[in-house]
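So that you can tell them apart, the chains are marked A, B, C and D in the order they are listed, and the count of residues begins at 1 in each.
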Amino acid sequence: MYYGDYLKLDQLLSAQQLESEKKGRYAHDEMLFIVVHQAYELWFKQMLHEIDSIIDVFKQNPVEEKHLFTANSRLDRVVKIQKLILEQIDIMETMTPMDFLEFRDLLVPASGFQSVQFRELEIKLGLSTKRRFQVDQKYFTGRLSEDDQNKVHSYEKTENILDLLEAWLERIPFVKTQDFDFWQEYQKVIDDLITTDEDIIKAHNQGDELKAELKRLESTKQTFASLFDEDIHQQMLEKGDRRMSREALLSALFILLYRDEPILYQPFELLTHLMNIDEQITTWRYKHAMMAHRMLGSKIGTGGSSGHQYLKNTTSHNRVFIDLFNLSTFLIPRSKLPKLPEHLIKKLNYHFNHEDL
Amino acid sequence: MYYGDYLKLDQLLSAQQLESEKKGRYAHDEMLFIVVHQAYELWFKQMLHEIDSIIDVFKQNPVEEKHLFTANSRLDRVVKIQKLILEQIDIMETMTPMDFLEFRDLLVPASGFQSVQFRELEIKLGLSTKRRFQVDQKYFTGRLSEDDQNKVHSYEKTENILDLLEAWLERIPFVKTQDFDFWQEYQKVIDDLITTDEDIIKAHNQGDELKAELKRLESTKQTFASLFDEDIHQQMLEKGDRRMSREALLSALFILLYRDEPILYQPFELLTHLMNIDEQITTWRYKHAMMAHRMLGSKIGTGGSSGHQYLKNTTSHNRVFIDLFNLSTFLIPRSKLPKLPEHLIKKLNYHFNHEDL
Amino acid sequence: MYYGDYLKLDQLLSAQQLESEKKGRYAHDEMLFIVVHQAYELWFKQMLHEIDSIIDVFKQNPVEEKHLFTANSRLDRVVKIQKLILEQIDIMETMTPMDFLEFRDLLVPASGFQSVQFRELEIKLGLSTKRRFQVDQKYFTGRLSEDDQNKVHSYEKTENILDLLEAWLERIPFVKTQDFDFWQEYQKVIDDLITTDEDIIKAHNQGDELKAELKRLESTKQTFASLFDEDIHQQMLEKGDRRMSREALLSALFILLYRDEPILYQPFELLTHLMNIDEQITTWRYKHAMMAHRMLGSKIGTGGSSGHQYLKNTTSHNRVFIDLFNLSTFLIPRSKLPKLPEHLIKKLNYHFNHEDL
Amino acid sequence: MYYGDYLKLDQLLSAQQLESEKKGRYAHDEMLFIVVHQAYELWFKQMLHEIDSIIDVFKQNPVEEKHLFTANSRLDRVVKIQKLILEQIDIMETMTPMDFLEFRDLLVPASGFQSVQFRELEIKLGLSTKRRFQVDQKYFTGRLSEDDQNKVHSYEKTENILDLLEAWLERIPFVKTQDFDFWQEYQKVIDDLITTDEDIIKAHNQGDELKAELKRLESTKQTFASLFDEDIHQQMLEKGDRRMSREALLSALFILLYRDEPILYQPFELLTHLMNIDEQITTWRYKHAMMAHRMLGSKIGTGGSSGHQYLKNTTSHNRVFIDLFNLSTFLIPRSKLPKLPEHLIKKLNYHFNHEDL
């Protein structure tokens, strides 16, 4: 085994062909442009390698604990890779707009929107075409070759993490046992909190201020109602304000609230990693939009897209695990948490017990 | 001299007083909350220290070369500090929303919007209240104590970098000499480029397609017109789409186009640093909005502000040096650049000449 | 509650007093020097806050699972803070040696070696004076004020993480049950591996080559012997090549080998975090030595210490959790791992069981 | 032009062939191992692309100012790439030693020491085989294939940055004009500083203390002597304590001392970038040694090398631009700097003069 053969360096290092050189207009910085994009594609491949293996984990039913642990390690790796490729934007920005102009026209109409691996990544995380914001849907595959369009469509037919997560969350036991209905208890706590607030408001406010405060309170009530009222939830689903079923959301909330119980450590880590992934993607999109602005001003991109304005729109809309972020709305302090019954706490712990020794 | 005395460690390290401890509800993570914010304020002080010294440089007329060099080194330092404090957000996010809930109510209605140093920083860069996006203007000082409001108002009356930059750019010589009018030459190049495009379009298109292509060309024409037509420019200024005078913009464009001439190295670095600062601020705002979303969901912030939605709005609107980004629209390839006359090129070089040896 | 009051900004932001200004020799960059060091001290305080709480966790016996989880979250936070303060060195390096010279003489003989919090951090992690490399021991407290020396000595008398970790590892059950002695099984595997190697070597080598290969094999045998032979281990302890007891090391190795069993997830994370902390400290020392070299060349530091050469020595010697790194020597592939008995595997799992449903 | 064709994605993304898969022992993490190393090789190619172009710049005589500016921009890019690939080590470390063991035996005896591009990079920076520390010299090419050895030897015969820098520094004018000999003036300042120190020492010390202080002063004298005495310098060159000629060192020192003069901005940036490159390489080696320790413990590497101990040795010895770091020893405060004559200051400035307007 020889280093260069193992890594196929001949193949790898002959894949940088400067278009500007071929055209007799050698532009030094085109190499950077190629290498940065190729490094992205290498890392996309690695992320897909991890994501595929995590999809395999969640296709099991039940998901074995050791596999959940493995999935978490790999999600953590994905986040670290995302942070790395975010840094690559700073390197791209060492190329000035004037230097980009030296070869930019030669690339038309190629465009980063044609990265099939990035599309695959988005789809496998859960951002299928139908979930993208509308203007974006036509761009999503429109500029791909027919072969690549077929590939992308085939990915949409396979499993994705968002759907598998939803199903896994829906299956989570614990929240309702013979003598304990967690959600009933939780609702009681919320009702109490709101009633107390109402009393305080009425005691301390009058006239317009009273009205305004009561209106705010009503809005808080509505927010909590969205968690328990299937109709409201359905409306939010249809408007695209929610992505997962109410059952899944409730399970996720349970995990966030009781993450101190041992059996919930890994589920809690899972939700945290998925939020990190979402945050990194949106930050990457944002930085990418900024770079496009800096490179092109208000010109259109090499692929004819409206450039940085378009990128900014995708940034705020194409979130995958936004439901998990929104769950923070429903958290309550530990001191107010319904106390779990002893037999449930025992179930949530390890089998081994120090008293056994 | 003793390390602890020099750094006033007694004073520094006694400034972390946990509100939760005072109230008998000790919350471990409140220390992190305090330290992160204090570290921010320390770095804000350092950034202000640099910004103040840079303002002093640009209050000179003319600005001496060695001072421009110094200003650039310090701007570079500011950018590096910005990158550091961006990382601090990741540390804040090691505090989970549940842990924040343990002491969040004790802080109401204190809020990061009350950081006077951050306001000072924005104002001294050039983001005075009147330049902020409208909804933001009332928040800008509304929640400050009277003392702090007065401080903020006093900063608005002093010089800021954006205005000083504009004045400095307007004073830049070189672009018009007895026998050479750069902007006339530049306009000729642009006109030629557009005429060529028009010919190509007419030769290859018909009917609706021809119409569409001509419309796009017209829009390009308009864009370039905005650079030379004072009326269009004035309209853009009024709408807030531009911040600097047309003269200043033209000088900045000249610097970007001819940054290979020695006397323009430092001016080019200056514009680059200012774009970096702008990019870092907006990225920081974006990440901050994400963190607020993760911590609070759709709840309102401790200061009663609408939280992450509000923060997202400030992100895209409150840009300072956005004009510099937009200048990329007007760049043309080196091969098309009007050739500068020899006597001007000599003027743009160093005094020392290798032939002198 | 008001932001500035809560954060004691008056106190915090008045603690930057430039010595150069007092002496009428105003040096702009002294502010950076102060702010960087104060930011370090703020973060040291935060790290100590975490380390103290982790020490409290490990003073328990047994350590409750939920506390182990909490300790891990906080260790992860410590690592993230370490990464942040590593970046601060890059900011310090924006000050050039010439600019440092402007005020360096005013600080003599103050020195970073006089940071009591950093000493406290090292000691509480486990790097007590007696464990430091010899030349270093006199510097360790020699240059502190009497008050500070007393503080440092008092920290040496309290618990530290290394010792608590050792005790906790020694208490870990599982490795020996009535019908199963893990270490006997492990040794058998090792013996088999070595015998197989020996057969292969003898079959394929002759003369000097045979001798050389057999010598290497003998050295491998000796390495493994150090794990099971208390005498060899004691010698290594005395030479400072090991820091923990053999029992503790064996438990740590068990955790690394069987980290796929649920009850070992958190212990595995714990060991990983401690290695990360060690790696970050040593990287920080290394970067710090480089910065000293760049700032001072081969001059002596402000405190009269031999500067970067001294710092380089401390880098490689003053490791805390080096035993954990060395354990990788003893890992064997999963496929060769002794199979744990069913009843033990059950004990290592969660109480809840999907079949219960 | 199509994205996937332009980037040769078919070629790029088919170059990851898992040895473990071929052998029927699929190891998930082998993909990461391959991708990390391939990403390194891509970035090495990019760095070589920059370094080659910088070598071309310095092969000119004289070096044109605009080319010096270009070289600086590219060196800055190299430093940013170095920082990025330093981060890649953190990603590699998401693979645990146990997971590495799953396929490690399949790679023997391939090794990172066989990276021809990394050797090329070191050599082109200036670290030719004869300049490496001794033990390292045999490893340097010993384990390469004959083809690769020939490549490496051919690089040693071409120009490198260290030698070209030395020659360029030796050619720098300014330090000696008809009526001004800078080094004479500088020596006078140093002599005065030392005489003053001696007087102070003699006035305030007695007996053994006096002796010790005078000995330290003598050592300072010797240090400065090494700058002006060609014999001492030659001895240091032979021992490997210096790498550049005395003339080159003196010019570099002049640049550091008078970096406020406009014509020295770019030369000053150049020296700073080269120090940054050196610092990043040595930090990378250090982190790499730490990773090897963590992965392998005290085992030998896949290539049979002594692993992390070896790597640690290369870290401290194989520095390229260490002379530049050591120059800080000879800096003196601005207030003591010999004043340059007016006609020289004018020569060091731009041709354009604000008074001309």
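The rule is simple: contacts are C-beta pairs under 8 Å (C-beta built on N, C-alpha and C of every residue); 3 or more make two chains touch, one makes a residue touch a chain.
Quick caveat, the model's predicted, so the values are computed rather than measured.
K.L.:
Strictly by the touch rule at the top, which chains does subunit A share as contacts with subunit D?
P.N.:
Per touch definition, common to subunit A and subunit D: B, C.
K.L.:
State the pair with the higher C-beta contact count; candidates are C-D and B-C.
P.N.:
B-C
K.L.:
Can you check how far apart subunit B and subunit D are, centre to centre, with Cα atoms defining each centre and the answer in Å?
P.N.:
For subunit B versus subunit D, the centre distance works out to 34 Å.
K.L.:
Distance between subunit C and subunit D based on Cα centroids, please, to the nearest Å.
P.N.:
Inter-chain centre distance comes to 29 Å.
K.L.:
Just the number, please: Cα centre separation of subunit B and subunit C in whole Å.
P.N.:
It comes to 41 Å between the two C-alpha centres.
K.L.:
Of all the residues in subunit C, which ones touch at least 2 other chains?
P.N.:
none
K.L.:
In their shared complex, at which residues does subunit B touch subunit D?
P.N.:
62, 65-66, 69-70, 173-174, 260-263, 265-266, 346-352, 354, 357
K.L.:
Per the contact definition, I'd like the list of subunit B residues that touch subunit A in the complex.
P.N.:
96-98, 101-102, 223, 256-257, 259, 272, 275, 279, 282-283, 286-287, 290, 293-299, 312, 316, 325-334
K.L.:
Quick check on the complex: what are the subunit D residues that touch subunit A?
P.N.:
Those residues of subunit D that touch subunit A are 1-9, 11-17, 19, 28, 31-32, 34-35, 37-39, 41-43, 45-46, 49, 53, 73, 76-77, 80-81, 83-84, 87-88, 90-91, 94, 106-117, 145, 148.
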